[in-house]
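Below you'll find the structure, written out as structure tokens, and then a few comments.
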């Protein structure tokens, strides 16, 4: 599996009508640039001790209905993952994740570079379950092996699937029972919350894991993610970890301003809802043309399976990644929508798909 | 020595007339926000493969008069330092730096976290010399010791002093002779280039070191630094290092846009010139009041020595860091100016200084 | 899979007639203690610069028919593995190994602690092949992923299987073609060389890999392994790596003396031949009782599959590890013989097996 | 300062009458080889779970008059240091040590390779004091700096000096007050205990630090050190740390047997007493010739200061390390005695010294 094949890259060098490569093809939602502009000349303290950061924390606390969570802003998802996991784990402890997990597949060994193994579990839909975790935890029983101590999940997963509230509850119960930390990578958290199937709200999250992050980069932000630490044990000295990994921005205000824009008036969820809606429309149109999908379409990433001939035809005008060969003649591709996807782009794609089907 | 004493923090919670804490108290130079705004809805590839990054590289190449340098954008200075040094050094190799170096004093062990020792040399003015380097290199002669392999300098230094072109030339000659990489931390590079005393231009740099970075955060950027790799041996696979350390932003365009603004019309040097000019005016006024300085005032950081009584009086209206106790009754403080410092702020400070002197 | 179950441990606390747990249950072959004794009061330089180390290197060079290999003595196998791999790999590079590899299963994350991923390939017989390696190498194509750079194999494998000379030749050709280092863990190398099926001699090894180690701990030594570096690029500064990882013994002579005893008169192979012979006799007897095996019996580790009832009966008098449940009612166990295994122990075991079958 | 100059190495290639390079020039005390011999064919469990290890722990417990200490055997001093410190420290925490400390000067960056800074304090006699520690601890006050968490001392120090019982008590009180772990490197612990000036016994140690190690390599052992963990918090999962760093020998019995020999009948202290006595006799003779010393002569390492001419004359027949140039014309050398030093060697040296003085 590879999301960045040579064919993709070649294709990328052409002019496309529209890009469905990812949800970070544009800059930021205009409201975000507005807050950056409005607050630009305020003099503020550095390194996250500024009033914008304090305000952003307040707004996130309100969304979480939890004023005790420790919140820290960092510049990107890989950075969030490596800082959090390096902070959670003792040298011989490992993190368990799905074989499709971003920390295993697409972070260039970032976690191992902090000294820890990422142990994987085969997970065809990108999701971990109590059933799949149990044997792994039980098999690691003595000091000749690494000691699993954290469980990493992505919500939604890298395959566009989601954990429902009750699935999360079961996972977290298992984790607490086995003295495992549960960490949720929320690079696209908005899309999972906006999916009705998840039955999840922001306010549910503090009770369902030890630490998670709220991703802005892929949901309308220019860059930046908010790490939310719920577990009291993990809060101490976290700023040391941030500083040591190069994650404490001098102008922390630049990330905070974005979260103010995203959380002051519900923009975070609105962005995600729009992305999901566009994906849903795409999916419906594709299904109407008679094609199936690798996984259920519930978030802003969908994985239709097309004949290779169709893939080649679509590539001329649209940017997207091939995901997986399905047999000799078909390919699952990944289409990603975002807060900025225009309905016209979806309509164009579906019209062209019909034409070449 | 500490730049963040309890007294400072307490003071910071008050309302000040003006802040001289640092050069990152404001957001970004307005021209930068303009470029972010103008390019905002362009669809671009992720991870630095976008057209804005290509354009920013082109502009920096032009400033350097060197089209062969590899240029990578990262979000902050500690990140730049740790990625570069982790890429340069084999496990048993160390980096040599002044005892005042940022990587030693104020990066929470970021370099050691990648496995390498920062070896320090006593340097009262913050500068390394061939004379001070030589014995350290010679003393490390066998496999029971770390092997010095990189030399780290800040230009300007953490004490506001600068390396002249001929000093850099001598240092780099020594480094090449001893198979050492020379790395320049340019968090405030603009201020050094804008100081006439340095006799340095952008175009001089590629011949004077193996790798350096051009800092934007402290010279008008919202965040971001440009790593410039000159040495051919160090270019290969650098993007792997970036990705692994969480330094490859999905929207690399957000940093690139800032460097476009800074390098399209000479804004980078203009910002630095203004900062230096304000510092120079401050220094002249302070000297006129009869006070001396810890180091020569040539960049945007100056270190006047005031009686403690005066320090306390100034604190009421101005934000700045204490740097060093000088005897029992005097304190060296650090005053930092920036692209955004208004002449009126300098005038106010000098008036109040006169009043309490 | 676990080699150290609670049941094993409990069993271990009882008195056994004989132990087949492993090949390190006794001290050292008597000839080794003799050399330690004879050379004991010689005054020698420390840290491997002694005359005993020089002599041991000479003897190993003679066995390899290669005087250019760099040879270093370390205290154990995990240490050998972590020093070698940390020396081979750049921060973002990984090592590829079978899912059963010791570095993955039983070294507590030692390789990850040096910053590198161990990537695994499903290998039911514990062996890697060109066919199984190829897709893994091809799938890792860009800087978002780790870059496979070393291939780790155990000869014999952790499942008692071996690579033939022609299999090694094919693997190494593939590795060189893809710029991968091939590293052979030879904890039980003697047993593989003593197996006729391998068609391998010491003198073949330098042409078949970049680096390997010759294990003494499991073949009659008190402790110690000899790392043999063939690839010229990997020789430089290796003593720094050793020292940094705590692997450079002050009295390197203590390991060298053992290798003198093992290589002066062919003791190394003689020990392995005896161990293989005893395993072979055990296997023949077990087969005669009608039982099968998990893998072919060619080295000093065999994996018979017994009904659970038989396992329980044998446990009373013999120490051995359970390896794998085979269905609900049978278990594969691991029986290990050594240079010290007496024929009577084998006879006792087989008689008791017959009695309870 | 360097203990291994080119001149030394050249000298080492010649034949000497006697070596005073170090205390690890011979193999093991004969009693140790006897125990290895006697227990050689006993079948034992691996990885320190054997009966010899249990017996050695019992004997050390008796010497310490403390049955609660956790005791682990490792192969060497650098290994002990890196395992212990990596176990004590969180990623951003540092260890404070004298500038002369072995972990700083002669372990090739072993501690930094586990991710931690070794912070040094100028200590002309190799000793830390509460007075010298205090400002370092106070200066590290926020998350931009490393956080000192462990204090490393060597007893005796690398300069042959010792901490008295009351000095240790004061240091440890300071450490506990500041939430710092105190770790004692006891590579030559015997020599410190055997020095009457220290007023220290084994039984004093558990109350004076959190963790220490008892060195055998430099006091008659073939190799091996015993890590003694007193602080309850540090005991958990320590075997994981050992395994991960390659420090858990398969035949842990090989080290345990040595500690049985050393602790069953007081051999450990007897060896050290002999070494100290020989050093004392050397020192008295040297003093009688009119020479002075770099530090007081109380342990088995002494540092006489000779005219360079005398150094050259002695080099012809004796092996020793130059330590420090004292002005242009004199050199401090290091003479080390051991359990194996014969009185005749001392007499020869003194006679030759007299002759060339």
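Going by the order they are written in, the chains are A, B, C and D; count residues from 1 in each one.
Please note the rule applied: a residue touches a chain if its C-beta (ideal position, glycine included) is under 8 Å from a C-beta of that chain, and two chains touch if they have at least 3 such contacts.
All figures in this text were calculated on a predicted structure; none of them were measured in a lab.
Taking the CA centroid of chain B as reference, the farthest chain centroid is that of C.
More inter-chain C-beta contacts link the pair A-B than the other of B-D and A-B. Note: centroid distance chain A to chain D, computed from Cα atoms, is 51 Å.
Averaging Cα coordinates per chain places chain A and chain B 33 Å apart. Centre-to-centre spacing of chain B and chain D amounts to 42 Å, using the average Cα coordinate of each chain. Residue positions 91-92, 107-109, 113-115, 143-144, 240, 243-244, 248 of chain A are each in touch with at least two other chains. Listing the residues of chain D that touch chain A in their complex gives 47, 86-87, 90-92, 114-115, 143-144, 147, 237, 239-244, 248.
Within the complex, the chain B residues that touch chain A are 12, 18-19, 21-22, 24-28, 30, 33, 36-37, 39-46, 49, 75-83, 107-110, 113-114, 217-218, 222-223, 240, 243-251, 253-254, 257, 340.
Those residues of chain B whose C-beta lies close enough to touch chain D in the complex are 1-2, 4, 91-92, 94, 105-109, 112-118, 139, 141-146.
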